[in-house]
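The structures considered in this document are given below.
One chain, subunit A, links the two complexes that follow: it is found with subunit B in the first and with subunit C in the second.
Showing the complex of A and B:
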């Protein structure tokens, strides 16, 4: 991989040193969430609202009953899948910001395969649609990785540009080639066949087996990162590409691979949205999920299990926001602020400067 | 890499041949296109002064953001937070010109807000030495959330309010020129100011002591520190200035909507395209202009093709500016070299 200006080894090393701190990985996200909630309360007070009432509504709306909880879990699925992919790529120093586009392409592949080929056995058809989405997301991510490896094009910019290309591609497809038949003129795709849809986990809710797919991916990623040579290579490349080269690791291959895996997970997220409950692909079906997932990965310090927790937190805020708006009369956009405050708090608290300070304080306590 | 003797001598005429061939093919293509009705229509679009005019309008927000990005990058701090500066700047510009009844209030507010975002980016990346890319990603998410909330709180009525915009300034004599007058010399004041900033920046960066200091900090901070330059102070100043200029790009973005309006995520990735423009421009203000103008051309072309009705679905035309940027990135990035210390935080000796 050409040593571009934009990925100095030290920058990668810094992310790594940030992740390595146990304090940063476990305690800090929680601390940051608490800080964000407190800052959010101040904002509510400034806006003339009662924070306690608002948070009570938020809590009831997200985890208050079975319906709300399953809704929250359902929203957590794409965040978890995309967040895992992003965490994986960031750990390798491969900054994949393209989850939005990769998720769109996954959804597109799922609806194309899932809406055609009637007569296939249901489990096979379901698997094929899911795999198609996985492949589509992975290939959409592979393109910017190839641009980087063979032309030195900054992957952050090219993934973002491809997000817009992917969104417009889906807009075009649902308005033309895969548009639903009939008199309806709205830009909406044909439906996925009924027996291709993922089975529901709880009757009368929309929670589907995509949850198990996401949890499996989470555990698998943890095991890969912790116990395999691949995980080791990914970490070394992320930490120090020069050292990786001396150790005989093909950094460009690791880069391509992490991008492909990362995109596949986003593609799976797209599939789980369509095959899980949306049935049809609509233009603008998930414009922010892929970006929110970056926040999820950041909040979790790129640790798989913490990505799960962060996804749950974000999903809870998302479903609770509707209730908060209805009951406490607070704009739902406020939860967006709480989320970014949490991220900024994590960023500050896990920076090398603060970590050094914490270490020094600990050192003084135990001479 | 060792090159065979005579490599360069052989290479140059060959390159000239390639260019001549490309020129000939282009001319032939134009001639052929003129024979079809569609081709004639498109060529008419391209030849109209309104085309360059629209491209310049679309390029101005990118130019300002990219010039802002340039200052920061030359000092060694990657500024991928341009998107957040542009978006928050646009919201500030819109709100302040609406409430202050003048676009100048908007421009000032956009600059101040951009400066504050720059302060945040500087604090995270210079003081706390957090990863520069991660900080930018977080700030971009912050801008999305903050503008969504602010817009909702201030403009609850949900009606489209048009803020006062910059007046068109027709330059005397020049604006009467046949083609150029309409294309280049009858724009709003902000566009002239943005263009004026190119030589000003060039002069500051390459002809003043402070410019030299800035670039030395970006190339070799250790050396700069040895000769008594306070590296982190220079970088702070650069990122703050970068934020102020990039914030003003929001004002240009609002005025480029033609109706001086704001909507959620108005910037739509343009901050990242501005970041790419810095790379196309090889970290040079004049090159940066051409990078921004390229995207402006793509944008203007796309809009005109939609209006002309070429039979290509509009969704695919909307992709065009992004695809053009992507191709340019892939083609030009190969030999791009930025400031050597870009992306690396600097710690004074003895600092933890």
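Showing the complex of A and C:
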């Protein structure tokens, strides 16, 4: 049939058809990143800084040497764990914005279990502290999911509110119940016992085995989504909960489960921060990680391996920012603004309008 | 129709398509299509599912861009690249699947995206006057501030039409407008179309129902596999000729069914009371028994509890009182999944919202209710080879036209999407099949095929419930017919002991003892 058509595709059409596949999956996020870099440059120029020098410093500061690279990898761990959880829940249509609070609860559980029960065998103790964090994060996420299922409360609002509750809870705990000894000390928790801390991967760096936990979670999520019935159930419920119900799938259960898993991963992120290198819990120990992770998940289009890449990118910005400040003498506020620009560009790129445009380019102009 | 046959002489071409080509990956949806639509005519577009009707009209409306050919509007060539461009040329379209936004008002839907002269402010008062005039003209009985989601399907369609006219449409494309309408709503639509034609509006009318095409159109163009087969003057053709042109061979449209004694009651609902989502009572002491090897038709005016009944039978809605028995077992509180596993399956009314996950593949949709069961999954791991083989078998057996089962179901034509749902429910010889509007949107050939499959299922002992707004279809298929009115069954009778008039009388709330009697004439079914 098709051979009966006599037409001469123009060069432009051919280039488009060649470009359109990658453009949809990877191209769009890349475009967002490029846009952020350009906008950042303009801002630096306006403020009298040399963007080339600044970006060189950013590159060197994030991946320039072993020390910088391991610092970036370390920062990528919580972003990756939270990002995976968010990607999982969003795919089920469960909008968990509560990674911040879930991470706080995980850290709290880790420091409580990890700082007590001296005398337990080290591997067991480490495992218990990690599991406690996982459970705490999961349960903290389950609460808003239950509100939603049984009372119809909007999960976006309730998870955000619970973030504040989590932050205040930690503030309270480190100022009182789990405060380090001595009444005059700053609000900071007791330390995790030394042999409960995660082993280091590279000597004289802070990179710890939390990286393996995060990478394992990444591969596991990939396998679940790609090969298991659970992954399919998540997709079906996320894309059409009504049709799911008609096909006999309990959308409510999927909702609860994805929330629990997503909270658990954020809880793990909290544990890996404390048990990985921070040792003690302080108030405000990670106020933005759980939010940045949303941008990470969106940038990656919820694909586990791409979540890994996106986490690395954001972590690089984070560690490189220090170098930008120190070497290129950029004010830290400007560095912060560039990071936010990157997030905004990502959000813009995942907006329905732009997605529709990409569809158009792909030749499936669905109205 | 009265008056002389439509003549094209002396008329201006409102729209002329020359050698239009539209390709999708793996599909040639329009293959050098030539079509001329004259000003003031009602031009029907007829063709099998997937023939390319919707695609062709979306090319005209600027939703798709053609890969080849020319579009002439009133004699001038144009490159229509967006619906805005089409509207500027006076072309409007009402889609097969509506495009209104349910949670904003009628008037807001209509002016959405238009600039008022006080931009960026809306001027709903000014717009309101003009829209109200149109609404009155076309008998839209609803306040313009009503949220569109609260309207009936027929009203929503009127809103779509008014929206197009408000934007200055002189050529109106209606893609399967009657597929979702009740018979009386269809009558109203036809009156509206007559009115528009009298006012000089040109209409393209897509439908699978031959009797409608014969009734409303001046000329008919038949498409098959992306090409125009021929254009006929309606007054000079016949259903048989049209059907043959469409399918390429003579089709037998009558349902053939041997009488067969019914078996034991298979699915019984007793004394059922239930409410809908808004809390209004929908089932009021309803009882109904579906027997093995019997097709049970449910006739009723829409909104008398059909939807709630089906939901209750499938476990999608709880009963306030009453019980449901499956093979003498009480399943009143059994969840949907278990009912499906036991062989109680259904074809939902709305394929886009209830039946399909549009972003998933044809394969995934064919397996939507069994993908967790062996052999399609083993201990939680999906078995892709088994699934692919299954999908290949079903697409073939049910003639689902798709480049491959891996394609997103969104990309199938409306009728082929419906076939996906039918295949999913019918392939496994269900114990009970509850079908709402099973042949909605199917071409005559496909509908005849599905009717045959439904009768086959009955012969193999399946208990069927057919809920359809087409009385013709119910009468042709059913062994017994129940009439539902305000949440109760008013009467259940063998089809041979009732007739159209009696059913219509009961549907409207008449008492059985006053209803007209008589037998049904076995009329051939025209879909």
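Everything below uses one rule, namely that the second predicted complex is superposed on the first by the 305 of 367 C-alpha atoms of A that agree within 3 Å, B and C clash if a C-alpha of one lies under 4 Å from a C-alpha of the other, contacts with A are read in each partner's own complex, and residues count from 1 in each chain.
Keep in mind that, in the parts below, contacts are C-beta pairs under 8 Å (C-beta built on N, C-alpha and C of every residue); 3 or more make two chains touch, one makes a residue touch a chain.
On a predicted model such as this, the values are computed, not experimentally measured, just so you know.
J.: In the overlay, answer first, second, both or neither for which of subunit B and subunit C A:172 touches.
T.: A:172 contacts subunit B only, not subunit C.
J.: State whether A:212 touches subunit B only (first), subunit C only (second), both chains, or neither.
T.: In the superposed model, A:212 contacts neither subunit B nor subunit C.
J.: Subunit B or subunit C: which reaches more residues on subunit A?
T.: The partner with more contacted residues on subunit A is B.
J.: By the touch definition at the top of the document, which applies to A:333: first (subunit B), second (subunit C), both, or neither?
T.: first
J.: Between subunit B (first) and subunit C (second), which does A:157 come into contact with in this model arrangement: first, second, both, or neither?
T.: After superposing on A, A:157 lies in contact with subunit B but is clear of subunit C.
J.: Given the touch rule stated above, what does A:248 touch, subunit B (first), subunit C (second), both, or neither?
T.: Only subunit C is touched by A:248; subunit B is not.
J.: Touch test for A:229: subunit B only (first), subunit C only (second), both, or neither?
T.: After superposing on A, A:229 lies in contact with subunit C but is clear of subunit B.
J.: What is the shared patch of subunit A, the residues that subunit B and subunit C both contact?
T.: Residues common to the subunit A contacts of subunit C and of subunit B are 2, 4-5, 7, listed in rising order.
J.: What residues on subunit B touch subunit A, complex-wise?
T.: Subunit B residues touching subunit A: 78, 80, 124, 127-135, 137-138, 141-142, 144-146, 148-149, 152-153, 268-269, 272-273, 275-276, 279, 313, 315-316, 318-319, 322-323, 325-326, 329-331, 333-334, 336-340, 342-345, 352.
J.: Within their complex, state which residues of subunit C touch subunit A.
T.: Touch list, subunit C to subunit A: 21, 23-25, 28, 31-32, 58, 63-65, 67-68, 83, 95, 99, 225-226, 314, 316, 335-341, 346, 348, 353-360, 364, 368-369, 371-372, 377, 380-382, 410-411.
J.: Once bound in the complex, which stretches of subunit A touch subunit C?
T.: Listed in rising order, the residues of subunit A that touch subunit C are 1-2, 4-5, 7, 227-230, 232-233, 235-236, 239-240, 242-250, 363-367.
J.: Taking the touch rule as given, give the residues of subunit A at its contact with subunit B in the complex, in rising order.
T.: By the definition above, subunit A touches subunit B via 2, 4-8, 10-11, 14-15, 18, 47, 95, 97, 147, 151-154, 156-158, 160-165, 168-169, 171-172, 175-176, 288, 291, 294-295, 298, 331, 333-334, 336-337, 339-340, 343-344, 347-348, 350-354, 356-357, 360.
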